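You will see chain A twice below: alongside chain B first, and alongside chain C after that.
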Partner chain A sequence: MWLGVDVGSVSVDTVLINDKIEVFKSAYLLTAGMPIEAIKEGLRKSRDSVPVLGVGTTGSGRELAAVLTNADIVKNEITAHAIAAAHFVPDVRTVIEIGGQDSKIIILKDGIPVDFAMNTVCAAGTGSFLDHQAQRLGIPIEKFGQLALQSKSPARIAGRCTVFAESDMIHKQQLGYGIEDIIAGLCKSLVRNYLVNVAKGKPILPPIVFQGGVASNEGIRKALEEELGMKVFVPTYNKLMGAIGAAMLAKKVMKDKRKTSFRGFDICDMEFNTQSFICEDCPNTCEIVKISSNGKVLATWGSRCGKWDLSK
Partner chain B sequence: MVYYHSIMKIGIPRAGLYYQFFPLWDTFFKELGFEVVYSPPTNASLLKKGLEYAHSDICFPMKVNFGHVYWLKDKVDVLFVPRFISLEEKKYMCPKFMGLPDMLKASISNLPPLLDVNFNIRKKPFIRSWIEVGKRLRVSANKVKKALVKAEISQKSYQWNNLNGGDGLKIGIVARPYIIYDKYVSAELIDRLKEKGMNILTADNLIPEIINKEIAILKKPIYFDFGEKNVGTALHFLNSGEVDGFLYLISFECGPDSLLKEIIDDRARTSDIPYTTLVLDEHTEIAGILTRVEAFLDMIEYKSKTKFNL
Partner chain C sequence: MIKVSVPNMNVVPIVVKPVFEELGYEFIAPPKMSRKTIEEGAKYAPEFACFPLKAVLGDFILASRKGAEYLVIFGGTGPCRFGWYGSTLQIILKNLGIPAKVFVLDFPTEKWARDTFSILGINGSSVKKLIHSGLIALKKLRLIELAQELARKIRPFEVKIGESDKTLQKIYKIVDNENSFIRLMKMKNEIKLMFEGINKNSNHELIRIGLVGELYMCLQEELNMWTESKLGKLGAFVDRSAIGLWKYVTGDIGLNFAHRRAKRIAYPWLKWHAGGESIYSIGYSLIFERKGYDGVVHISPLGCMPEIVAQTIMEKCVNIPILNLVFDEHTGETGVNTRLEAFCDLLKLRKE
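After this line comes the complex of A and B, so read on.
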């Protein structure tokens, strides 16, 4: 079995895959600002007695996950997502990934990524936009998709940024629009935002794979299909694609390596301490984070110059 | 009246066109016998001052520039902040450069006198601008001319050497000089890539003929200084395959580059040279930049193998 860990800004996903890239065990957890606890919990849930032959980590917190697990490979989330998508849909041309706070587009040709883009500064095209609005409307996010599908005439909601979308939505509510029309409108506005901000200028060709947490939302999927005029395919493990990609990469590197460096599932019960301090050695005054366990420093990061980095 | 006191200190902000012309400027002022004081390479606390004093809606490199001026202001007798209007025939600098001296005077109090001489090749040759600089410093035109000859030699003979030797990947980087060569602004990109054994190629490593050849086939001339240089370099990278891939670094609020990017993107659609734009600003997280750079390097690697052989 190969273990993949994807640590994003909103969630931690862990997955165990077998030789045939079938998902054997998995977990999806909200980070809730405590990534270390979330990683440990995720591993606890995918813990198994079968031997782990390799570990890969990905996502914006991939370095942290790599330190905790002592991973065999650390890979950026763009490559990890592309690899997983190309496995499930070998002729995929476009990967649309919308997650909690990040979204990306990856263009593939003959099974390899040839172009990509990630959202830069704006959250309007990501899942947090929906979460925020769902909360405001008092509707559980899980019901969002179903409700959106019931709409006959979606409200037009300006979606250039979350602030505008919100005031526009309040206005539409006051005009008496039904809640399903407003929600469908929000889905459309998220999709338009994504297409304008993230996918801007990229050739979107079929087959299109739509993955990431937001792909579970049927309202968004429908809005995306309408906007593109094309079918999009949502893989079964849409939320886990990053972690699956990381596990696949671990499987690949272990071809040339005999033994995994994985610390073992015992890390679920280990205590990890993080400490931070400000380095005053130059005017950059970097905030350095130190991770240790049992009095042993496992990693430090945060310096601009690299002086506190431990050699791995 | 002439006072024979200590040597006059000229402050040069390590920002903006310093990154293109430092060999010339340094030699020029030193030849004339002045002491030159530079602000340190950009760092977080210097940038913080820049953010405090610059208008919030100007571009990141200009905010950096403000930070450097702030750092120097109480340490020198005059500040060299010319008004760059046009550096090439039929071209204009970005309006932010034209307005820089005024913006500084309006935002930062207690500035020393600024050497805010116009550099505008559309109106007068540079030599006349330098003579004016000399005049403000009470130096004769003759001395200025002599110093300038030496300064130009320094500039021409400066080696923009980013190659590692070795047979590592060749990566092109296209960006304005104050983005690419300012290590803080560019998240030490050149150093990071060189550490991995890669060779870096920038516009400064290409001979002008190569760039001009690419520009000649454009439908419309580009009116921005550095515009042709950057677009020409990018097109050369896309057309020649001299590099394994290239990165285009731009500042988030940069008007000129957002236009020029369209020309590059358009050509890139029909080229199979991997290319990615990195957008930088004061909120940029280094981690986010590195994620993109890694994915870009993966793209190059996979291209040479085709198909994830998993």
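After this line comes the complex of A and C, so read on.
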């Protein structure tokens, strides 16, 4: 079994896959600002007695996850997502990934990524845009997709930006648009934002794989298909693709390595302490983070000059 | 003695120091660029100014706090916003109540540029001594550029990651403190030996990446978040032949053969120099493609019109993968790392 851990800004996903890349166990948890706890909880849920042969971590918190698990490989989320998508849809040309705080597009050819883009600054093309509006409307985000599908004439919601979208949405409500039309409009707006901000000018060719947390939302999927004029394929494990990719990468590196460095599932019960402080030794004022367990420092990061790095 | 300072731009302070000292100034090096520099600059510059202006302003503010009275930048008259740097900086400093005076250096083909030189006193100083200090400056620049070139070659093969960077920092110090021309002449071998002493493992495949983009952003590693060094550590040989201080100076007066060639190659796509490095970004990317390189990394500051022009054209005419990195004071390092890593993965996978 291979273990994959994807630590994003919003969620932590863990999977255990077998030789045939079938998902054996998995967990999807919200980080809620406590990534260490979430990682431990995720591992607890995918814990199993079968031996783990390798561990891969990915996502913006990949370094943290790598320290906790003592991973065999640490990879960026673009490579991980691309590899997983190309496994499930071997001739995939475009991967559209919309997550909670970030989104990306990956262009592939013959199963190999050839171009990519990701957003990090603007929230308008990400899941948090929807979460925010759902909260405003007082409708649980899970119902969003269903409601959007009922709309016959989606409201046109202007919005290159969440702030403008919000005021326009209020305006449309006051004009008497039905809630489903407004929600469908929001979905369209998110898709347009994504296409303008992230996919900007990239050639979107079929087959298209749509993954990430937001892909579960049927309203968005429909809006995306309409906007592109093409069918998109949402894989069964759309939320877990990053973690699956990481596990696949672990499987790949373990070919030339004999034994995994995995710390074992016991880490679920270990205590990890993080300590952060600001180094004042030069005007860079780096924020240094130290992770330790049982009084032993496992890793430090954040220093620009390398002064606080542990020697390996 | 009047105190004079220049902005941080890679090793410019080290290089120009002997010349200013020869002219009878006290040279104040700006503090090494840090988060503080960028914060100060971004605080007082107009929000939509291009990023280099903010960084230079930060340097000037910090240098004037150290007592600098004359602040000198290389400049000129455009064609992009660069032509306004001198006057913009002067106005901002004045509004802040900083009495320092900003000087813009350019080739003395125009009257205003000649006037600058005469105020700075270049006309009055002994020509012989000036030439001597000029040669020292030049030698320092050449030595440092050699060291940087060696570092680029060795980084992908380092056994102990980061060793080339440490060696480089050491060399900067040595070169800065050495003012004898004779000894500088002999230093070349010493530098080569220092790099040869680094442990290398040579059994992995190399990817080759050409670096292009706006000069200042490419050279100022604190602003581009050490892109060059990080790419090296990810196993890529970075070709920076498109950008360099020596090249900039000689290229500007049409004396650099490689630059002229790049211009010629870019000609079908861009006929005029649109400012920044635009024409070279295009020309060199095409050269890198012809050389069979694996990819191009294009660095530009947010708000830079010339490089956006270049980027759009490059998308059309360059057929190897291009990674566009845009930096400003809000750019997060994590995002940059992810992109660099993913880009190198992509190039490696393509090779397999």
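Quick note on the criterion: the second predicted complex is superposed on the first by the 309 of 312 C-alpha atoms of A that agree within 3 Å, B and C clash if a C-alpha of one lies under 4 Å from a C-alpha of the other, contacts with A are read in each partner's own complex, and residues count from 1 in each chain.
One rule holds for everything that comes next: contacts are C-beta pairs under 8 Å (C-beta built on N, C-alpha and C of every residue); 3 or more make two chains touch, one makes a residue touch a chain.
Not measured: the values here are computed from a predicted model.
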Fit-or-clash call for chain B and chain C when the two complexes are aligned on chain A: clash
Which superposed partner A:77 touches (first chain B, second chain C, both, neither): both
Contacts of A:283 with chain B and chain C, given as first, second, both or neither: both
Greater residue coverage of chain A in the superposed arrangement, chain B or chain C: B
First (chain B), second (chain C), both or neither touched by A:203: first
Touching partner for A:251 - first (chain B), second (chain C), both, neither: first
First, second, both or neither for A:86, with chain B first and chain C second: first
Partner chain in contact with A:118 - chain B first, chain C second, else both or neither: both
Those residues of chain A which chain B touches in one complex and chain C touches in the other: 60, 75-79, 112-116, 118, 120-121, 201, 282-285
In the complex, chain C residues that touch chain A: 31-32, 34-37, 162, 315, 321, 330, 332, 334-335, 337-339, 341-343, 345-346, 349-350
In the complex, chain A residues that touch chain C: 60, 75-79, 112-116, 118, 120-121, 201, 282-285, 306
Complex contacts: residues of chain A adjacent to chain B: 60, 75-79, 83, 86-87, 110-116, 118, 120-121, 201, 203, 248, 251-252, 282-286, 304
Sites on chain B touched by chain A in the complex: 40, 43-46, 184, 188, 252, 265, 269, 272, 274-276, 279, 281, 283, 286-288, 290-292, 294-295, 298-299, 302-303, 305-310
